[in-house]
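Common to both upcoming complexes is chain A, partnered first by chain B, then by chain C.
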Partner chain A sequence: MDGAKVTLGRMAGLYAGAAVLRLAVFTLIPGLPDLLTGRVEISTPVTSFKRLQEGLFLYNHNVSPYDGGVYHQAPLFLPLFSLLPSFASLPIFTYLLYIAVDLVSARALWRIADSGEAVSSALFTSPRREKRWSGLVIAAVFLFNPFTIATCIGRSTSVFTTCAILHAIAKAVSGAPLGAMVALSFASYLSMYPLFLLPPLVLLCYDRQRPERATNSPLKFAAVCASAVAGVVAVLFQLSYLVTGSWEFLPSTYGVQLTLSDLTPNVGLWWYFFIEMFDSFRSFFLAVFWLHLSSYVGGLTVRIRRQPLVVLTLLLGIFAIFKPYPSISDMSLFLAVVPLYRHVFPLMRYTFVSAAVVLYASCLGPAFYYLWIYAGSGNANFFYAITLVWGLGLSLLVCDLMFAVLRDEWEVERPEMAGKEIRQI
Partner chain B sequence: MQQGPARQEKRVQRRAARRGANIADIGGRATRFPLAMTTQLQQQLPGNGPRAKKQPPPEKASDVRRRSYIILSFWLIVLCLGLPIWWKTTTIYRADLPVQEMLDWADGKACRPVFPLRISIQANALQDQEAQNLLRLTQHALDDLNDFSGHHLRLQLAPPAAAEIHDPESVLTIRLVPGDTTTSTFDPYEPILCITYPQNAIPSPTSSSSILATYIASQLRSTFAEEQATISYLLSTNSIPSDHRSQGLSSDVAESLSKRTTRSLKYAPTYHLTFSLLTSGPLPSSWDIEGAIAEYMKPVLDVLSPIHNFTIDTQVQLYATPGVQNQVLNKEDLSSFINAAEWPLSPSIGGAPTINFIVFVGNQTIASPQTPEEGDATTATSHSWLIPQWGTVYLLPLAHDTTHVSSSALKLPLLTFTSHLLSFTGAPHSGSLPLRLSTLARIRSADLLLRASSTLGSLARLALALPSISIPGSVADGVSKTMRHLRLACETLGGPEGLAHARVAEAEAERAFFEKSMVGQLYFPDEHKIAVYMPLLGPVAVPLVMGLLNELKAWRKRRREAAEAGAEKKKE
Partner chain C sequence: MRQLLSFLCLSLLSVNVFSAAASAADSDYHEQLNLRPLPQSALLASFNFRSNTTVAEFEKGNFRFFPRSLGQILQHAGTRELHLRFSLGRWDAETWGARPWDGAREGGTGVELWAWLEANTDDEADHKWLTLTNALSGLFCASLNFIDGTRTTRPVVSFQPEGDHASLANMHLLYGVLPHEVVCTENLTPFLKLLPCKGKAGIASLLDGHKLFDASWQSMAIDVRPICPTAGGDCVLQIEQTIDMVLDIDRSKRPRGNPIPRPPSGHDLPCDTSKPYHAHDTCFPADHTANQDWSLSQIFGKPMKGVPSTRSVFVSEGVRETRNPDGLSQCFEIPPSTELEMALPVPEDATLPVTITPETPLLYAERSFTGHGQERGGVQTILRNPSPTTPVDFIYMESLPWFMRIYLHTMSARLSPTPNSTTTTDQTDLIQQVYYRPALDRFRATQLEVRMRVPPAATVVLTYDFEKSILRYTEYPPDANRGFDVAAAVITILDPNQEQQEGGRRIALRTTSLLCSLPTPDFSMPYNVIIFTSTAIALAFGGMFNILVRRFVAADEGPEGGLAVLGKLKGRLKGLKGRLKK
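Moving on, here comes the complex of A and B:
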């Protein structure tokens, strides 16, 4: 009882701290939110708050928000933000909404951490399970991560996707498959790419079913989950249709992600490639990039079948590198789930290198962008080179984490090898 | 140190495998595939002692199966999604073009440009019998004179009821009026040729020749000589087979025609006329150009309107410095008079070709009247000269204190401009204005027909020459539309709808030829495709292919071992 009270107190303290920090940044440095909103590292064409306001303005004036080709986000954001008092007169409500979304995400992360799924799943229990961080630490790492704070201050709408994905995982580990599927449907509706998380999430749900209503047929379970997702997404589409009055939002939101028609620079690898691409090969390479992104799902799900949460984590990392419009908010989501694997950190080999590379890229990225766009003393290659370095750092981290997890699994098979140096053959 | 043991291990394994020992295969695991990772102890070897070899434990069957699944999952995506998408997005769409037909058009085999010109004769004073006879004789005389089959004058007798008005079906009406001598005059407003004849000139029904008939025939011939020469010149400059051409095109006629063609602008459905008032000083600062155009130029623009549309803008530029400052301008100065750097004469507005008409108010004069030979090149009066395909400059002397140029002061410049405009559009020089205009329409339709045909031919040759160029459906559409309109134009050549069809055909042919997506791929050889595919797909393909090969190798080895084990069991 006492422990629960202490936890509750700590939770309240953590949340209050995070909320106060964000509110202070919002109110004490009034120029910062707008500055961050304009940064390409935070606001992509599909998550930008500025574009959301444009869409909102058109929506409130009974013009289709997709006219003008600026707004590429889901239509249901519009009624949500219309309910809030106008941002221009009372920005505090928008700030509070974003802070609340962050806190809710942190709460979901806390629940995932507390479930212990990361150290002992249904089919696998790590020998290092004792060495892990509590939910408090993991939530704190998420809430006080500069990337998370910057995303929140920049009011990128990707925080909603982050929240939905974390809730999907939290629901899955707590044995609520339907809730997980609904949350994933919301995430997919908002950003499309979370749909790729469906296979590992279904496996996670299947592994964590409550014994009293467990199904034994995995195929049937998967079919039910998939149809639940399809149903919820269909309902959301129908709602969007009612809100905007046409199906125009489909090409303007998902079409833009699929065809990369907006080539605004971002931290990802797509924009430069498709600026340079021959027109006649554009559609082919778009397909190649999307297939590349999706090809990891099957392989990883099969390989790390015993730990679906690892697959989800690695996929989030891969998406942060390879999706069409990545931003640092994807990085913050990946970094939010990585601490769940505190127990395999000692097995990772390149933590220093990857951390250094990511830090290097996050310091030099804005500088090179400035040199290119404002100072005019650099060119697009400067910024692209630094996004390559950023991708390199992230992929190092993903590979290293994968290696550590696989090694952890392997040592269960070969306990005599623990602590010895190994080599891939 | 690292390489030695590994190689040795392999050898040992191979030996073991040959012996059929019960060691699970590990030979196919050298894949770089990150997911199919297995690990092995790195050997800690003592310095000199005998090498103690430690074999990794046999791979579990479930691991082997899992690896197959992983490789399968990647290859399924490549084969089931990647290949169809590759096929669909990179195959070159080539719409079917009627190449042979297009080449026929370009070679002039599809259409023989024939201009059947109907000329009606009004001879109200004559008996029907006499008129018929005269007509027959004149037709004979015409046929004897004519050596160009494409241009055919056919006479007909106008019904007496239709007297006094011009029959719109026929090109020219000859009105025969009894008189004292044989004379001919053109009606200035209608395409009517009035011929008076003495009473005794009527041929008798039996005579086989008549002076009047010969006279009419030669009059007609001289009237249409220029048109005939122009059309046969057009045909000869295009790739029309020689039997269609007139043989009697002398070189000097051809030369003057080529000069005229260089002077006139390329045909466009719309021309943009820019009227500029340039003054050397502060005055005059305004002009009544609108009224002047309405009064002096509008009538001609109206009669040209079936052939061309015109858009007009005007401008006034004060303190305009000409390119030549001489008081008296010599012939050499005229070419550099236009101060292209400072005068705001934009080359082309909105895609339509621009004709510039400049009224320059200053005190400069042109030195001496041009000699007749030179007059052919740049038609110059004492005030104006024509710059081929560009426009006209008119030097307007005015009193120094004139602030406003009135409409009447602009009369001479505008009349000059109007006559020059006709030569810019390519109208012939001789004949009455209505006749010149109808000739212009015929010349233009022949020109457009030939141009569209040759564009079709170029397109067909391009499609044949570059098998890797894509031909979008819009090009095929354009080609079929062009051919349909060409056929219609060919059938109605000489009439107003012939010109309309030829216009459409030419526009469609140009659009089809300059299709954007086709031009982009014009120079894209197959070698470049390797450069496009390799940088990304090469590195991706290496682990995929190597993983698949290793897996297949391992699978074959397993099967062989299983077979050997089975055979040994049977032996036992």
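Moving on, here comes the complex of A and C:
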């Protein structure tokens, strides 16, 4: 009783602190939101708030926003933001919406942390399960992560995807498969790539079914889940069709991600590769890159079958590196779920190196971009090199986490090996 | 019928372009040269050539004065009306005043083409447009074939057909512009070839590539339009070729044999005698000499000479002279087979007005980029209405390349604060209507038409933001860091009296073109980038694959790895050594 009160008080304090911090940044530094919106590290062609405003402007003036090269975001954003008071006159409502989305994401993360799924899933319980952080700490790490704050201040629409993904996971661990599937459909509808999270999420739902409503046939369960996702996505598409009046939005929203026709720089590996790609090989390499991105799903799901949440975490990290238009908001989502694995941190070998590399890239990225675009004293290779470093640093982190988790699993079979030198054959 | 009439009109103080006496349908061919001195020792020479053919003859393929080469292209491409412009330089409206022909015969820098095509569908119109641009490209030695879908727009309100068309239902207006095209003599030669005498006789004999492209501003125009007399009768197809050029008299008079400019010797310097310190040994150079003496052969490099009532003009014999009743201009009708020379001496009467005030244009427009860096920028157009009483209504049209991603929601017009401004116009009135068609990457250009009103004696600043996209490396021209040309904005001023009627007097003016620098990749390293990125991906994938598929064992367990093999090898070597020692 008392404990619940304390938790509630802490939760309120944390949320209030995070909200006040964001609101203070929004209002006290009025130039910052627009500055961050313009940063390529935060706003990609598919998440930029400025492009959203342009799409909204065209939508409100009866010009199809998809009949142009600027707006590549989901159609349902348009009525949502039209409902808000105009951003130009009353920006506070937009700020409040973004802050609320961040808090809702933090709440979902809190629930995931509290469920203890990360340390003890249905098929596996970590020997190190005692050593974990509470939901409060994990939510605080998410809310006060500079990447999260920058994304929120930059008003990138990827916060909605983040929120939907975290909710899908939270629903899954609390034994509500349908809710998880609906949330995942929303995430996929907004950004497409979360569709790859479906297999591990279905497994997670399957493992965490409520005993009274459990089915024993995994195939049947997967089919139901997949059809639920398909159904919800179809409904969303139909709604979008009603809103925009045509199917034009499909090529403009998802086609752009598939074909990478907009080559605006970002922190990922795709843009420069496809600027420099020979025209005759463009389609081939697009196919290869997408195949590469999807190849992780099956492998990880099968190999780490006992911990589906680990698969989801690793996939989020992989997407933050290899998806077509990544931004630091994907990084912030990955960093939000990594602290769930506090118990395997001691098993990670390159924490310092990867943290240093990520910090190095975060500091030098904006500087090199400035040298290329504004000062003219550097060329595109400067920023490209930094995105390579960023990608390598992140992949080192993902690999390291994967290693730590697998070793943790292995030590269940070989408890005597804890803390000993090992190797892989 | 076969009357070749040449007119030479000269206006000194005149502000009106003198129109030829012969009406359009009277004769088959008509040519006219209008010379108008402008302030600062500039001279505007407007050449105008007009040929007619009846539509019936044209359709039968009987061409007389109408150029056959162009006529067949028009027939093949189903073109009902054609306007083609080749321009170079900038019209200095602050000094030179209003534009010749109300701006209707000029284009923005580079090449501009717009035509009304007869087609049933948009696709058919596009197809015919492609045929037309490719054929014209060959005819005029210009890169008109580069006017593809990404440079073509379909303006809604900016252009109106000049000719008389029975119905506009099946007519498609397409507009294409090539701001990067450098207009040069290779475009002049085919232009002159379209004339009946191929530029060998008449006023066209004055045209010379060296002089034309040395001008401060020049514009070549071809307009083809059907004209049906209101009284009834046969419709005629008219081709009008116009060349306007602004020559710097001082520069043109430079001797041909000695083209290198040298400082004039002291006694040749024109001095400003009004200065108090002017004396026999001091000279304050006058920047521009008014009322200079010149002759046709001096400024065009060829004989043909001429001028007005307040200044005496010497012309060759046999030239019939008509004076305009206002006393400000004079016209000469030149009979065939006469060589014309015209000289304009320095006026003896020193009290003549030194400067001529040209007609004030209805609107001054200036366009420029704002912001810095290669990521984003803004466009700012300053529109100034000089008239103290009447507002100006106009349509501002931009045709922007797709790689300039404009944000329409940032477009705003505001009244620039002027010290003596008393206007209290509501600022929302400035923009009245917007026609916008956003660009599609690699397919279509942005088309923006804004109907605006500038209140009297006010300056309006129209701004919007845009973002510069980065292109694939094969899409950059060889001189990628020079930047990309952005076509001139076309401003069409609507006549306030005939605003609603079609065919009301419209005055056009164009801003200068702009140079937009895009971010560039490193062109030298496609292979390196492919290799580096692939390596990064391979490292990540390989690392994860390794961790996923290999088994964990303790460091001292399992089969011997690489290091153990090395140790074994060492032992073997030692053994071998020992054996050898034995």
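Following the convention adopted for this analysis, the second predicted complex is superposed on the first by the 425 of 425 C-alpha atoms of A that agree within 3 Å, B and C clash if a C-alpha of one lies under 4 Å from a C-alpha of the other, contacts with A are read in each partner's own complex, and residues count from 1 in each chain.
Keep this in mind: a residue touches a chain if its C-beta (ideal position, glycine included) is under 8 Å from a C-beta of that chain, and two chains touch if they have at least 3 such contacts.
Since the structure is predicted, the reported quantities are computational estimates derived from the model, not experimental observations.
After superposition onto chain A, the modelled positions of chain B and chain C overlap sterically. Within the superposed three-chain model, A:421 lies in touch with chain B and with chain C [touch as defined at top]. In the superposition on chain A, A:294 makes contact with chain B only, not with chain C. Looking at the shared chain after the overlay, A:283 reaches chain B, while chain C stays out of its contact range. Look at A:384: by the touch rule set out above, it reaches chain C but stays clear of chain B. Once the two complexes are laid over each other on the shared chain, residue contacts for A:134 go to neither chain B nor chain C.
When the two structures are aligned on the shared chain, A:406 is found in touch with chain B and with chain C. Contact comparison for chain A: of chain B and chain C, C touches the greater number of residues.
When the two complexes are overlaid on their common chain A, residue A:174 makes contact with neither chain B nor chain C. In the superposition on chain A, A:303 makes contact with both chain B and chain C. Overlay on chain A, chain C versus chain B, candidates 238-246, 382-390, 400-408 or 454-462: the clashing stretch is 238-246. Shared interface residues of chain A (contacting chain B in one complex, chain C in the other): 278-279, 292, 295, 299-300, 303, 399, 402-403, 406-407, 410, 414, 417, 420-425. Chain A makes touch with chain B in their complex at residues 278-281, 283-285, 287-288, 291-292, 294-295, 298-300, 302-303, 305, 399, 402-403, 406-407, 410, 414, 417, 420-425.
Interface residues of chain C facing chain A in the complex, by the touch rule stated above, are 372-376, 402, 405, 407-409, 434, 436-442, 469-474, 519-522, 525-526, 529-530, 532-533, 536-537, 539-541, 543-555, 558-559, 561. Residue ranges of chain A in contact with chain C, taken from their complex: 38, 40, 50, 53-54, 56-58, 61, 63, 67-70, 261-265, 269, 271-279, 292, 295-296, 299-300, 303, 318, 321-322, 372-374, 379-381, 384, 388, 391-392, 395-396, 398-399, 402-403, 406-407, 410, 414, 417, 420-425.
For chain B in complex with chain A, the touching residues are 6, 26, 29-30, 34-42, 56-57, 66, 69-70, 73-74, 76-78, 81-82, 85-86, 89-90, 470, 517, 520-521, 524, 532, 536-537, 540.
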